[in-house]
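Each chain gets a letter, A, B, C, D, E, F, G and H, in the order it is written, and its residues are counted from 1.
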Amino acid sequence: MTREVLIAGFGGQGVLAMGRTLTEAGLKEGYNVTWVPSYGPEMRGGTANCSVVISTEPIGSPVVAQPTELIAMNGPSLARFEPLVDAGGLVLVNSSQVENPACRADVRCYLVPCMEEAGKLGNFKVANMIMLGAYIQATNALKLDTLKEMLATVFTGPKAHLVALNIKALEVGASYVKEG
Amino acid sequence: MTREVLIAGFGGQGVLAMGRTLTEAGLKEGYNVTWVPSYGPEMRGGTANCSVVISTEPIGSPVVAQPTELIAMNGPSLARFEPLVDAGGLVLVNSSQVENPACRADVRCYLVPCMEEAGKLGNFKVANMIMLGAYIQATNALKLDTLKEMLATVFTGPKAHLVALNIKALEVGASYVKEG
Amino acid sequence: MSTQVVYQRSRGLQDVETHYCPGCHHGVIHKLIAEVLVEMDLLDSAVGVSPVGCAVLAGNYFNCDFVEAAHGRAPAVATGIKRVKPEMLVFTYQGDGDLASIGAAEIVHAAMRGERFTTIFINNAIYGMTGGQMAPTTLVGQKSTTTQAGRDPLQHGQPIRMAEMLSTLDGMAYCERVCVADMGNLHRAKRAIKKAFTLQQQGVGHTFVEFLSTCPTNWGMSPVDAGKWVLSDMAKVYPLGVVKDVPKEEKA
Amino acid sequence: MSTQVVYQRSRGLQDVETHYCPGCHHGVIHKLIAEVLVEMDLLDSAVGVSPVGCAVLAGNYFNCDFVEAAHGRAPAVATGIKRVKPEMLVFTYQGDGDLASIGAAEIVHAAMRGERFTTIFINNAIYGMTGGQMAPTTLVGQKSTTTQAGRDPLQHGQPIRMAEMLSTLDGMAYCERVCVADMGNLHRAKRAIKKAFTLQQQGVGHTFVEFLSTCPTNWGMSPVDAGKWVLSDMAKVYPLGVVKDVPKEEKA
Amino acid sequence: MKPEVIFNLDRCKGCGLCVSVCPKHILWLDETVTNIKGYHPSGISDQSKCIACGNCARICPDSVITVLKHQEEE
Amino acid sequence: MKPEVIFNLDRCKGCGLCVSVCPKHILWLDETVTNIKGYHPSGISDQSKCIACGNCARICPDSVITVLKHQEEE
Amino acid sequence: MSMQKELWKGNEAIAEAAIRAGCQAYFGYPITPQNEIPEYMSRRMPQAGGVFVQAESEIAAINMVYGASAVGVRAMTSSSSPGISLKQEGISYLVGANLPAVIVNMMRGGPGLGTIQPGQADYFQATRSPGHGDGHMIVLAPASIQEAVDLMWDAFALADQYLTPVMVLADGMIGQMMEPISWKRDQPLPEVDKPWAADGRDGDGKTHFVTSLRLKSADNERFVQDLAQRYRQIQENEVRYEATDCENAEIIIAAFGTTARIASTAVRQLRADGVKAGLFRPITVWPYPDQALRQLVLQDSVKAVLTVEMNLGQMHEDVRLAVRGDKPTPFYGRTGGMVPEPRDIARAAQEALQEVSE
Amino acid sequence: MSMQKELWKGNEAIAEAAIRAGCQAYFGYPITPQNEIPEYMSRRMPQAGGVFVQAESEIAAINMVYGASAVGVRAMTSSSSPGISLKQEGISYLVGANLPAVIVNMMRGGPGLGTIQPGQADYFQATRSPGHGDGHMIVLAPASIQEAVDLMWDAFALADQYLTPVMVLADGMIGQMMEPISWKRDQPLPEVDKPWAADGRDGDGKTHFVTSLRLKSADNERFVQDLAQRYRQIQENEVRYEATDCENAEIIIAAFGTTARIASTAVRQLRADGVKAGLFRPITVWPYPDQALRQLVLQDSVKAVLTVEMNLGQMHEDVRLAVRGDKPTPFYGRTGGMVPEPRDIARAAQEALQEVSE
């Protein structure tokens, strides 16, 4: 099993953090994992993206050129990267940020209104967690519980109250896919 | 014919100039010539030397490692370079600057008291011209007249009066070898 | 009805987007230079030298010729240009890492020789382009990615005041420190650029305008707060105003 | 009969000949440093950093450890040393080409950081080692092999005054300009070295002693005339005396 | 005299500098709008209060703003 | 007190700095002698005039000179 | 020693590994894509009792390393391509003064300012000419963060043992990516006696003079010949490489660093497609595993050796030197910051085989 | 055009030749053994209406050249080994920005400060890696002052034609010696149209931006591939060498520059002793006359190719690449500032032949 995930969006949408959380969770479940960010001035105010590979085999190339799965957090990212996705692959779209979202016919596609849902949870920052929940649900790549456990170790001390919120966000995202 | 001349002495004795004059004269007579100075901090206050090659053939190496002729303007130079001279070669010694000058048995040797003779001519600076005269006389490498002609083109204008002095110096040096 | 243009995009800039972060003063300073180039009719005969730093792409933004220099070497590149093309208006545009750190020797010597080009020095107290490391101009106590507990004078020394240091050199003819953090300062800054370019054309020596600038991204401030910090904190360490004005002193 | 030694060769120097030209002040200055090292009992714990320049072989002459630096980089090398061996007495010995030209960035930054070593700066207004080219410190009108008609301010700028320029930096704790052209100055010079070393040990910041020195060979003067020229001409452009003394100012 | 303030909205980065220098406090960042760059762009609340001082345009790092003054022909 | 000025002649480069700082003008360069380095070394003309001030030794770049003061035991 | 896997960013892992291996001083200057090294060092070095200085330039940094090393302290610097070019004189001085040092180069795409994306075009600079004069560095080329971490111990040990600068030659990919590692080696290297260090006179008053100046040519030649002798020792004893699936392979792919790990996927794909492909990966690119490669190439089964690099063909020259025309040596390269994809490499291998069979 | 012979010092002849060839600006910094170049330029350039600036460093000098060249002016610099190391970043920028420039390297013995005596150990740096990234310079290696003088015209012409830095790679011997030359070429090179120069906007308002930054990897790759294309052209069209007595030789001596002229005496001595020796002397050491050498070496008569250099064997690698193991390729080198003597070279050749016949 090799999943090659590309996660892309505006700088500030938590795209890199989403990738890191996913990678860390993959490691926890015993997979080989790699994470590579896009870096440099192209990040500045513009877009950000990262490649995550989760595999049962040793990982050769950590760069995802032809994603099996794309998470597009905004319109430009969808436009730029959707054409690269493997036929039969998966595309997750943050539909709050894309006008008239539409996907290729030969890929599995989910629209997740991350901002709206995050707004409902009272914190726009968890938009990426919502998306991550959706991703897990849509792929079964990892267990949702693994992520939940991780959250408990990430948010400690004065930030402990964020655990529940983030778990909630994961679940909202997941449910979105189940239902969608 | 290939003459490989090494000229050595204290800095300030006109060693490099002597070599250049010789080289220039060789060129005038249609020979292939090269001149290489020693350079760098070893010159500083210490010793100076240069290699002159005069040849009927194209000159490969301009560095004189095994001189056919050595002009030693002081004791350290004689001590350092005499052992390198070709057997049957020529050694000219500025005997004014060398205590108890003595030469190898297998080389032709002339002692020229350049300073004393220069003193007699009223100008210590022509010591090197005296030695050059001696060299020409001892080797017949070039014509004394070539050098004399050159002097007329080197010293012009306000320095024209130096021509005669330098010609005289060449002749003194030459006569020294004739007689010695 | 007649229409008067109070302000429109300067012809001195190309009609493209910049890559600068929101509210970064690089963009504001670019505009001022562009406006002066237009007002002095220099677009055809000016050449700018861009640094390695956030302004590395300046040549894509200005509507005049540009040469991109190696990190810190803009003064040497500008020297090469001005010496062979004395009729051109030559200016460099350098950040504080570029000019005050790696390129310290080059600016000192261009100023010493009195090279007849103008330096526009963007002091934002940080390495912007590379993500917020300490610059020689970083304030004491200021945090950066390489001084995470704040700049400590014992470890890192105290901020370097380039305008003052370079003004000890006889080749420096005109040196002023300005900023664009409010409208009054913005107007003064533009006048300083114009004066520097004018003096360059008169061949009086090196001309130098230091801008206290912002880096909202790496300072972790909003653009508006960053502008306020320039006035409240930076200007204390780097006083605004004319540091040296040889032509004026000579007249007086 | 008892015998008192008024002066004998310093134990701070190795018993070897130097390669310096007759009468060159490099030799005199070496002696003063060596004497101070002996008097302060530092021979075992001092390390000098020699430049690329006539003093490149200083490590063969001094009776303490030495590290030979790349041209101009002695302040960086000394920084590397002092940071990892703060208990050692570290000093650099640099010529004006080395320190004021190619190495301008390194000395500016060592001074800015207040690196706790001592710079001995030998300003002889020329590149000695390479045969007499213009240095940044060459006087206006002074001839050199690259300014054969004399240094021209319009072409080459005016002499750089390193002591004054560096004293604008907060990291510079003590900066004095001295010479050894007569006995009074020689004694003052030695005191300056001792003071710099003492302040270094107290960790107050960067300490810097600039020597106006001679290069009889490339100036084309006798050693004695060269010494006179230091006092008559050089000292006019480079005033002798204390330029900065932070510990003293703080006390006052 | 009728001032007009024109925004090239796609170029706006929502930095707020224009807002901070408007003497009439009539500029604001519209959080309900996101432009193609992902920013909330600047807008004018009450054009009639504008005095056409040009501050907003002069400080805008991205040359988003044009300020015009229309004069009734007399 | 009997001053003594000792020269390490082979090290002397004949620069004349010692000569120039001797308050008693008793040092000179001996043009009749050339040492192994090719220089005319320094020498003292009248040792008895020496006041053992040490100037000559202190300024000599090549540490050629040692100055001693011999004291009659009292 | 914990063998638990931890997720690390390449740059930070390398910095941490250096500290754990016993590095006592770091001097550096920011440049993408290696900024996390100085940033991490600025935090951690003081905690570890070591020295961190943000130098005013790459030149100052390498000369600070020179100073620290000259007084016997384990020191390192890091940079990326343009910054490494600026260090050439300093590296040559380290060689000339027999000083140990570790230099990390996170290569990016050149020439000039180029891009900040990964590249491998500093191979020649690293392996052929660290500055002017006859000098070499030992050059280690890790293909994963784990290997980079492990090699930091070797880098410092080799530097001390052979009194030479050692370069860790990686690229922006390895610097920027994260992957799991375990801390296999957790003991700092033992202190090494450095009698030549200029850290104060010996008890008997003997001084130390660390210098690369040997004004007399004969002295300098003696030094260079001694260097050459040491280089022969290094070539004999320190060659490292990894050969995977090379036995009886019909095509051997030669690649180093990031390109090699990408090529390993290509090799798997090729094998899946029935092509007997193997991967030859030098770990020391200087000294180059010349003999090892030659032996493998001379197998009857081998029809071609395909070199793959992120440059115009630099290691390719080492491959050609090893193969000496005995087998075809095609080349596939991406440049300027572009990273090859496994399928491209696989295709190049297929094409190479086809050409041979024609 | 006067064909009369004049005695010139190498450094001064090169400087004068540059001016006569049409060089308009010189930027340099003193270093032995090339000081006479800046000194001469400081006198003559202003007389010739050109620009001379003594830069504050070698780095400043190469960047001044970069500036002058960027606005379309023929510019040069010169230095010697350590100074050339400092120019590596700048040279890489010239390559990256497609800028013509001429750089003279009067090599001395390295590494580090080394000696100021002649050396040839910057061969790798010159031919393999002008700085980081995939770049090359055309490298011309004169063996006499006459040739150095003549090559100055070629250097500037090639730089303009291929928009590339060109290095004249000589050594202290050629810089310091005097020998007779004649001014064979006395016309300055024609002006070249440089539409890319940043010397003011075009009539239609088009601006020029001279840069080596190509942030998008794809753009940078396109640039590097264009470079590679130009390099292939250069390799096809600009290879220069001299082969003397190589036909039917039993041993070919391969050497460049000063070593080659010394080897020519050795060849005469060998011929006098009845040994059929020949001399292969590359004039362009990049591009290397690979094919020409290979052809000569493959002659049946040739038993060995002896490479002679003043280094540990750098051009030797090019010889081995050309010979591909088809003939023995022994090496004789002096290092660290030592200059080989003809008899040593002759002896090495004799030994090489003996080894082969054993």
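The working rule: a contact is a pair of C-beta atoms (placed from the backbone, for glycine too) under 8 Å apart; a residue touches a chain by one contact, two chains touch by 3 or more.
Keep in mind it's a predicted model, so treat the numbers as computed, not measured.
Asker: Moving only from a chain to one it touches, give the least number of moves from chain D to chain F.
Answerer: Contact-graph shortest path, chain D to chain F, evaluates to 1.
Asker: Give the chains in contact with both chain D and chain E, ordered by label.
Answerer: Expected: C.
Asker: Quick one: name the chains whose C-beta contact count is the highest of any pair.
Answerer: Looking at every pair of chains, the most contacts join G-H.
Asker: Mind checking the centre-to-centre distance between chain F and chain H? Centres are C-alpha means, answer in whole Å.
Answerer: Going by mean C-alpha positions, chain F sits 54 Å from chain H.
Asker: With chain centres taken as the means of their Cα atoms, state the distance from chain A to chain D in Å.
Answerer: Chain centroid spacing, chain A to chain D, equals 62 Å.
Asker: How many angstrom between the C-alpha centroids of chain D and chain C?
Answerer: From the centre of chain C to the centre of chain D is 34 Å.
Asker: For chain D, which residues are shared contacts with two or more other chains?
Answerer: Chain D, residues with two or more chain partners: 20-22, 56, 68, 70, 101-102, 104-105, 108-109, 129, 136, 156.
Asker: Mind pulling the residue numbers of chain F that touch at least two other chains?
Answerer: In chain F, 13 touch at least two other chains.
Asker: Which residues of chain H are in contact with two or more other chains?
Answerer: Residues 32, 56-57, 59, 82, 89, 93, 97, 112-113, 116-117, 211-213, 215 of chain H touch two or more partner chains.
Asker: Quick one: which bits of chain B touch chain F in the complex? Just the residue numbers, please.
Answerer: Touch residues, chain B against chain F: 10, 45-46, 74-76, 97.
Asker: How about chain E: which of its residues touch chain C in the complex?
Answerer: 3, 11, 13-17, 19-21, 39, 52-55, 57-63, 65-73
Asker: Taking the complex as given, what residues does chain H use to touch chain B?
Answerer: Listed in rising order, the residues are 5, 7, 32-33, 116-117, 172-173, 176-180, 261-266, 268, 339, 341-342.
Asker: Which positions of chain A touch chain G when the two form their complex?
Answerer: For this pair, the touching residues of chain A are 20, 23-24, 27, 32-37, 39-41, 57-63, 65-66.
Asker: Would you mind writing out the residues of chain G in touch with chain C in their complex?
Answerer: 29-32, 35, 38-39, 42-43, 54, 56-58, 82, 112-113
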